[in-house]
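Just so it is clear, A, B, C and D label the chains in written order, and each chain counts residues from 1 on its own.
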Amino acid sequence: MSSAASKRRVTIAVARKDLTIEWNSRILVNQVAPFAAIVMVLFAFALDNDGILQRVAPGLVWLATLFSMLVVIQRSFTVESADGALDALRVAGIDMGAIFAGKAIALMVQLFVLELLLVATAVVLYGVEMTLAGFCEAIVTLLVATVGLGSVGTLYGGLAAGARGRETLLPLLLLPVVAPVLIGATRATEAAFGSGGTTVSEGWPWIGLLLVFAVLFCAVGTVAFGPLVDE
Amino acid sequence: MKHASFIFGSWGITAVSVAAYAVWIIRRGRELAKHATSEEMPWT
Amino acid sequence: MAGQSGTGTSATRRLGIVVILMLGVLALCGLWFSAEDVVQGSTVRIMYIHVPSIWTAYIAFAMTAVCSGVYLSAKNRSLAWDRVAGASGEIGVLFVAVSLVTGSMWGRLTWGTYWVWDARLTSTAFLFITYIGYLAVRQLGGTHRQRARRSSVLALLAILEIPLVHFSVSLWRSLHQEASVANPNAKVELDGLMLFSLFLGLIAFTLLFVWLLLHRQRAMMLEDAFSDRGLDVAITARRNEAGA
Amino acid sequence: MDTVIELSGVVAVLGQFPALAGIDLAVQRGEIVLLQGPNGAGKTSLLRVCAGLLPIERGTGHVLGIDLATNREAIRSRVGLLGHANGLYLDLTVMQNMQFWASTVGATKSEVDSAMATMRIDGRLARVKASQLSAGQRRRCALASLIVRRAEIWLLDEPHAGLDAAGRDELDALLRSAVSSGATVVLASHERDRALGLATRTVTIDGGGAS
């Protein structure tokens, strides 16, 4: 049961299952995305200056992503514990690394959609303008940052899921860890948006940082998820 | 000495917090040890 | 008195006396005998406790990581390793908090503000929050083994995360070349007595750490033993339910 | 005879509470053992220990020859547990739940179809979301997922709960056929009359121990 083929099968099944749940319930579309959008509008109220907004748009996109991510992760594990489904998977001896990979992939897909939406919001609301090269860089940034966020989010989400007071524990554990993503993704997006006179080429080193983060936490998550989640 | 309040203040904060922690664990240890058997305290 | 006074032994008492004497000498040297720095003036006196505090915090967190690793890799999975890791993490949080406070007071004198977004300062703040999270996870409940497994994995994760956070924060700062911030340690020209005070501080705080760790770890051992004993009582009570 | 479950002096802890307080139990292959006892006696925890879910704090235990203290993860793929919860995803339809389950445990489509037919959750019900099912229908789904596991030991916690009379007959038939093909069944049930007719042996659990 622990062959590579069965792990891949479980990974795909779990990812598809989480996405089907989202498709059936539309929580991301009907609740999380509007939440993220209203956060972007509130930033505009708080800063109240077009020049500043344009300058800080990348940071606001990623802050809104992080806050929405907390909600999506909680949801991802509430679904598992609502009727003891994760227990059932554990009793069936399903490989925890594969479950981690599947849930992380589903989370990444959802986050990516959300980020696209937030970038579009920034373009519309904050008057961001992008060149073609900048657009390509923005897409690469989104992809790499999302892989890092999805893996680390699933890892800590699983740890917090079994705990009392999980709503408060998850941000405490997760937000310090994702600081490198916030820093790297914001700088790379600034380069892509050309905010504050940056050029597109300045963004690529930051994407390298994001890549290191993503690779590290994908690898670590596969190993550490089981011991963190299991009783 | 210039800035005496900051200098003594920083030494004082360090001393007070470390001392408070030390007193807390000693008290806690004594409290627990009152009810402990000698097998539970292998260091004695 | 002898032997039965809590978590102390004659060895820890002797160690405690040595630590107190050394700290006394440190206070005399640091606050009184040592000269003022040419550039920093009297503010350099904060260094003699600030640097040893952060040094102790680093030792403590390294200890937490090593003990967590040993706990996970050792065959018998002795809970003693987990307790040392936990005790060390707790002491580390205390010292990192102290060094953040004294550091920002020092910063107020040398930089004019309590906080600058310097790479080292920022990543120390992250270190603080990360280990607060570690202590929170230790309090989650469950059996001792569950606590030990969860927290040791988390401690190892923290060790991976900290260099990454530090690296990204320094990269972040290096691109923002603002008015070059006075680095409090680099500008200090240390003469003999000043160096002596600094090293005395490092040694005294390291021994202080050992002393605190021994006591805290023993207190944790008693806490664990008591909840085990509570379990014995609970098991008997549970068995008696059957007759009722 | 072949002993598949062997517990001696097992203590299992929930938080600080000893749900099992030194229990002894031996189950032979092919038995249908009924666990009886009041609420909170430790029946659920006993089943979870046997499934390798709950760690044992003291005592020794072996399931299918595997040591519970050192290697309980290895037990999991060989036993099936039906707990209080049904392990369903409420936002998925019955069919989607079963398909997901089948692909994780590696069951074929025909096995799934026949299991769904056995528990009569095929046809129109298959397209209904799990959140809209009645308690009995959810129980049927959980049993169907258990069937495709082809477990060597079936651990059932209140399997009759929520099932109608026909469902209970089907469950009994299912368990008898599982046993005749070499499985062992341990079940906890408050449906005393029905379970007694099924069981080959009764064990009374109380105060976290067996008698």
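Note that in this section contacts are C-beta pairs under 8 Å (C-beta built on N, C-alpha and C of every residue); 3 or more make two chains touch, one makes a residue touch a chain.
The UniProt protein names, listed by chain, are A = Heme exporter protein B; B, C, D = Unannotated protein.
Since this is a predicted model, take the numbers as computed values, not measurements.
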Which one of the chains is closest to the middle, using the mean of its C-alpha atoms? A
Between A-C and A-D, flag the pair that has more C-beta pairs in contact. A-D
Please identify the chain with the largest separation between its CA centroid and the CA centroid of subunit C. D
Go ahead and note the Å separation of the Cα centroids belonging to subunit A and subunit B. 43
Just give me the whole-number Å value for how far the CA centre of subunit A lies from that of subunit C. 32
Distance between chain centroids, defined by C-alpha means - subunit A, subunit D (Å): 37
Rounded Å distance between subunit B and subunit C, as computed from the means of their C-alpha atoms: 13
Subunit A residues counted as touching two or more neighbouring chains: 231
List, in ascending order, every residue of subunit C touching at least 2 other chains. 141-142, 146
Where in subunit D do residues touch two or more other chains at once? 55
Among the chains present, which pairs are found to touch? A-C, A-D, B-C, C-D
Once bound in the complex, which stretches of subunit C touch subunit B? 3-9, 27, 30-31, 41-43, 45-46, 49-50, 53, 91, 94-95, 97-98, 101-102, 105-106, 108-109, 208, 212, 215-216, 218-219, 221-223, 225-226
Residue set of subunit B touching subunit C in the complex reads 1-4, 6-11, 13-14, 17-18, 21-22, 25-26, 28-33, 35-36, 40-41, 43-44
Contact residues on subunit C for subunit A in the complex? 126, 129-130, 132-133, 136-137, 140-142, 146, 149-150, 153-154, 156-157, 160-161, 164-165, 167-169, 171-172, 175
Hey, which residues of subunit D end up touching subunit A in the complex? 51-55, 73-81, 83-93, 96, 100, 103-106, 129-130, 138, 145, 149
What part of subunit D is in contact with subunit C in the complex they form? 11, 13, 15-18, 21-22, 55, 57, 206-209, 211
